[in-house]
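Below: a set of structures, written as structure tokens.
You will see chain A twice below: alongside chain B first, and alongside chain C after that.
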Partner chain A sequence: MNILVFVKTNPDLQMIRIKDRQPVMEAIPYKVGDLEKNAVEAAIQLRDAAGGGTITAVCLAEANRRAKETLKEVLAMGADEAVLVTEPALEVADQAAVALVLAKAAEKTGYDLLLFGEGSTDNYTGQVGPRVAEILGVPQIGYARKITGTEGGVQVERSMDEHIEVLEAPFPVAVTVVSEINEPRIPSLMNIMKAGKKPLAEYSLADLGLDATSVVAQKAILSNLAEEQDRKHIMFDGDPAAQAEAFVNALLKEGVLGR
Partner chain B sequence: MEKVDCIIVGGGLAGLSAAYGLASEGLEVIVIERGDYSGAKNVTGGRLYVSPIRDLYPELWKAAPFERPVTREFVTLMGDGAHTTIELASERFATPAYQSYTVLRARFDQWFADQVMEKGGMVITKNRVDDLLLEGGKVIGIRAGGDDIGADVTIIAEGVLGLLSSKAGLREEPRPQDHALGYKEIIELPPGVIQDRWHLNEGEGAAHLFMGGVTRGLMGGGFLYTNKDSISLGIVVGMEAMRQAPDKVDSYTLLDEFKELPQIKPLVEGGTIVEYSAHAIAEGGIAKVPKLYGDGYLLAGDTAGLSLNALVTVRGMDFAIASGYYAARAVIDAKERDDFTAASLAQYEQSLRSSFVLKDLETARYIPHTIENPRLFTHYPQAVSNLMEQVFTIGPGPSKKLSSTVMGGVRKDFLNLQTLKELYAMRKI
Partner chain C sequence: MAQILVYSEKPAAARELVFKAKELGAALGLGVVAAALGEGAAGTAAGLGEYGADRVYVSEDSAFAGLPVDVVAEALAQVARAAGAEYLLVSSTRRGKELAPRVAQKLGAACVTDVNSLTLEDGVLVAGRYALGGATVALEKLDTQTKVFAIMPKTFEIGAPTAGAGEVFAPALSLQPSAVKLVDRRPKEGESVNLDAAERIVGVGRGFGKREDVALGEQLAAALEAELACTKGLADFQWLPEERIIGLSGAKTKPDLYVAVGISGQIQHTVGVSSSKLIAAINTDKDAPIFQLADYGIVGDLYQVVPALVEKLKGL
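Right after this comes the complex of A and B.
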């Protein structure tokens, strides 16, 4: 069983500040996206349950995104191999272009199962998985909350709003997962050390039969402004316990807590 | 047990500097850092004095993400009702190669970690070392999250508190008497505003220190460094002084009070606080530097007590980087000899002794004791400001001769037995 997991490096959203309604991206650390981690965990569990198979993690290196570190983290979690596609032109690529590149990488690597997060932590367009499936002409199952291996395929539980749908599909198939599918493991120090020695292949666009013209974005972002909010300037007085209570109440009232 | 050439505990400047040196020579080295990334938990004032370390890794500093070279120095002596600011604009400081730069650790340390990885070193973040592994008094590796990893040499660069090294008995437990606490905010301001407020040309930076009525007369002071588009503003207070203070005060209250002072308020006007941090600083000086090496281990940076507070200069980062450099050299040479005993690693202390690190700490031996005198933070800043005020005063009646104004002030506040005694005590610094 050949499992490809597609991982994206995301800026650490907790570290981003908004200035003049724009995110300040300077010196922001990057990390593996949350749902991508779920996808990797799902792959590991499938492989281990099947008692064999190979997990290859695939990542695009756009400028500035720490793709190699992302892949190392995923290798440390338990992926077997990694593929990195590096190309400066990818920096301005849109979802269509990214999907094209990933599909070509999948063709080059070979696959039975393609695993994605339902959406990325930063943009969450939710497009890349379905687009790759479409380009490759393989069936796609979204909102997976459980994946079980079957003879030559998978059985997938889909998390729908009001109900759960159970589907079966033979390989090859693409599956996009939601966070409830599992609790991604945190790699141990030893596994992090060993990850450095696992195979990591680097491809350029040319290696995939593409060039910079194939990743020109079809869409332009005209405006992307963060919501503006004034500070509340509320001061709490009294003894610490009373202050804490008043503070928590204020947070509840604002809907920051207890949602 | 998996084994590497060298494990480094702590990915601050000392640890990263050691790792860079080792990785550059092809040794297998892992840095283990508990923060989300290098720089995430590290606090400095800060200004990095590059002059002392420029020759150690010359290629590095050319591309380092410094904020601004410090070309102007300000010292403000704060008294009640009057303060005096000394501004030094030195052409030499404003000419490359600059002697010091302001830095932001979140940016600087991450970059440094990248350089280590470029050289093939491994920097593992989000992992804490729980214990040093000892075997018959020899450090043979570390334990982290249940994994044991062995190393020929472990370099302990875990910062000022040195919890692991104290626990393993490699140094004394830290004492409050030998430490100060620093509180700091990073306040964003447009570059143009920064340049106007501190009289700077574009891209140049200032260091501004405040002595006197900053910390309610407690041993300490205030600092301000200009970054590219922010300032680092903070106070440093002696831990012991704070413990002994008659009226207990929260440290963050001191920082809030500091910012509200009429001398400071206009400097931070219009700024946005983007970061707040607090951290301990070792101020024990050379007397508190522990044994720096033993079988299978070296101590570097703040863990080795290598920092210096000499009132107008605060240093620790240059010592951290230099000690990391010499630690790496010592391990490389020890590997050549295939001998990681204390005797072989003693080279580390020797090179620190013949470098600026221990020499400068030795020169400053008596400073920690001298600056314990609270009058430095109360009487003197006030007296200087009073005197300056008198010099510039024209009252309703006839004025005194300038010389007698000055002499009067000097006689009253400076030519008394206590001051002379204090001056005498200062001859050692």
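Right after this comes the complex of A and C.
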């Protein structure tokens, strides 16, 4: 069983400051996306339950995103190999371009199961998984909250808006996961040391038969501004009883208690 | 004539989108068509006509059983080509959100999902959605010939039906059954909560150490006559149902008062409460991001502060 897990290096959103309604993106640390960690954990559990198979983590990044560290973290969790595609032109790419590159990387690597997060931490478009599946011509199952291996395929329990669905598919198939699927493991120090020795292949766009013109964005972001917030920031000190009293008094004064 | 094509597996969402499409079509000089696919499609079609579709493409092909996304995407792409669709409006339900990019890929189209505003600016459709986990609102325009928008349900007001019946049309579709088979489908257990309309909300998060302790949050909610809500973090433990999640992937609320208890205040959560009139937070960590968004803050242990608050409120 050949499992590809697609992991992106995401900006640490907690570290983004807003200045004049603009997000300040300089010096923001990058890390493995939350849902992608769930996807990696799901891959590890599937491989271990099957008693064999290879997990390859695939990451696509413009040059500066700490992509190697991201992949090392995923290798430390338990992925077997990693593939990294870096390309400065990707700075402006959109989901269609990203999907094209990832699909080419998948073709080069080979796959039975393609695992994605339901959305990336920053963009959360949910587009990349379905687009890769379409380019490769494989069926897809979104929002998996449980994946079980079957003879030559998977059974997936997925969480839709109002229903739980159980689906079965033979390989090859693409699956996106939701956060409730598992609690991603935190790699041990020993596994972090070992991760450095696992294979990490680096491809350029040319290695995948593409060039910078293949990753031109199909859409434009006209503006990206924070909504305005004006808060009082009043803190109540003292023991819990004093804090409670001051808080309730403030609410009474605001007139938000009762009707 | 180019068209706006509307599809949603949810009839109410489809009617809302058709109604909006009619308005956009009038401004852009485009006709409106809709697709109704799968079991019960014929029944849905009439409603879509009344709300503004000039023509409804209807198919109850057996390949739609279970609405496999690869088959629905292929059908929609075939309808889009047959109709000469320039814009596709689908609903950003879970099904719609996985469908939209797949159809877009087939049509060489750009796509935007989770759209929560759609405006015409100088003849260009501009879509708004949350970005950076909800920290910002991005306004996007699509540069491809065909454009796909997945729109959050209940984004637009829907008016009374004004149009005629609309023409019902059975397209000749060429479809392969999906390799994905639906084995079981059951309703989620959930309960109905209307957080959107709640005037006061108490939100609980992973600061609660055990499932039983959530009762403390319930007591506070009762004392404040508030609805109980939670973070995704807490719902992932299945301590409370998904319907109670507030945030990017849950409810967007605008209460008079929001009290966040044991919630760190990560952006994906706070985007769902940032329109509250007043925000209060109780957290042991004085540096928790929630305090940056709070009007009133209490640095303290919820296990001590909440009982004290409940007592105080009961004494009023």
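As a convention for this text, the second predicted complex is superposed on the first by the 235 of 259 C-alpha atoms of A that agree within 3 Å, B and C clash if a C-alpha of one lies under 4 Å from a C-alpha of the other, contacts with A are read in each partner's own complex, and residues count from 1 in each chain.
By definition in this document, contacts are C-beta pairs under 8 Å (C-beta built on N, C-alpha and C of every residue); 3 or more make two chains touch, one makes a residue touch a chain.
Only a predicted model underlies this, so the values are computations on that prediction, with no experimental measurement involved.
Chemist: Using the overlay on chain A, decide if chain B and chain C clash or can fit next to each other.
Modeler: Aligned on chain A, chain C fits beside chain B.
Chemist: Once chain A of both complexes is superposed, is A:Ala241 in touch with chain B (first), chain C (second), both, or neither?
Modeler: In the superposition, A:Ala241 contacts chain C only.
Chemist: Which partner does A:Glu227 contact after superposing on A: first (chain B), second (chain C), both, neither?
Modeler: Only chain C is touched by A:Glu227; chain B is not.
Chemist: So which one touches more of the residues on chain A, chain B or chain C?
Modeler: Comparing chain B with chain C, the partner touching more chain A residues is C.
Chemist: Touching A:Ile192 in the superposition: chain B (first), chain C (second), both, neither?
Modeler: Only chain B is touched by A:Ile192; chain C is not.
Chemist: Give one of first, second, both or neither to describe whether A:His163 is in contact with chain B, with chain C, with both, or with none.
Modeler: second
Chemist: Touch test for A:Thr213: chain B only (first), chain C only (second), both, or neither?
Modeler: Touch partners of A:Thr213: none, neither chain B nor chain C.
Chemist: Give, as a whole number of angstrom, the minimum Cα separation of chain B and chain C in the superposed three-chain arrangement.
Modeler: 9
Chemist: Residue by residue on chain A, keep only those touching chain B in one complex and chain C in the other, then list them.
Modeler: Common interface on chain A, chain B vs chain C: nothing in common.
Chemist: Within the complex, which stretch of chain A touches chain C?
Modeler: The contact residues of chain A facing chain C are 11, 13-14, 16, 18, 23, 94-96, 99, 121-131, 133-135, 139-143, 155, 159-170, 173, 176, 179-180, 217-227, 229, 231-236, 240-241, 243-245, 247-248, 250-252, 254, 256-258.
Chemist: Touching residues of chain C toward chain A in the complex: what are they?
Modeler: 66, 68-70, 73, 93-95, 97-102, 104-106, 109-114, 126, 130-133, 135-144, 178-188, 190, 200, 224-225, 232, 235-236, 238, 242, 248, 256-257, 266-268, 274, 277-280, 289, 291-301, 304-305, 307-309, 311-313, 316
Chemist: Report the residues of chain A in contact with chain B in the complex, numbered from low to high.
Modeler: Against chain B, the touching part of chain A is residues 12, 17, 19, 26-27, 29, 188-190, 192-193, 196.
Chemist: Inside the complex, what are the residues of chain B that reach chain A?
Modeler: Listed in rising order, the residues are 2, 4, 30, 32, 36-37, 40, 104, 106-107, 110, 122, 124, 127, 144-147, 149, 188, 274.
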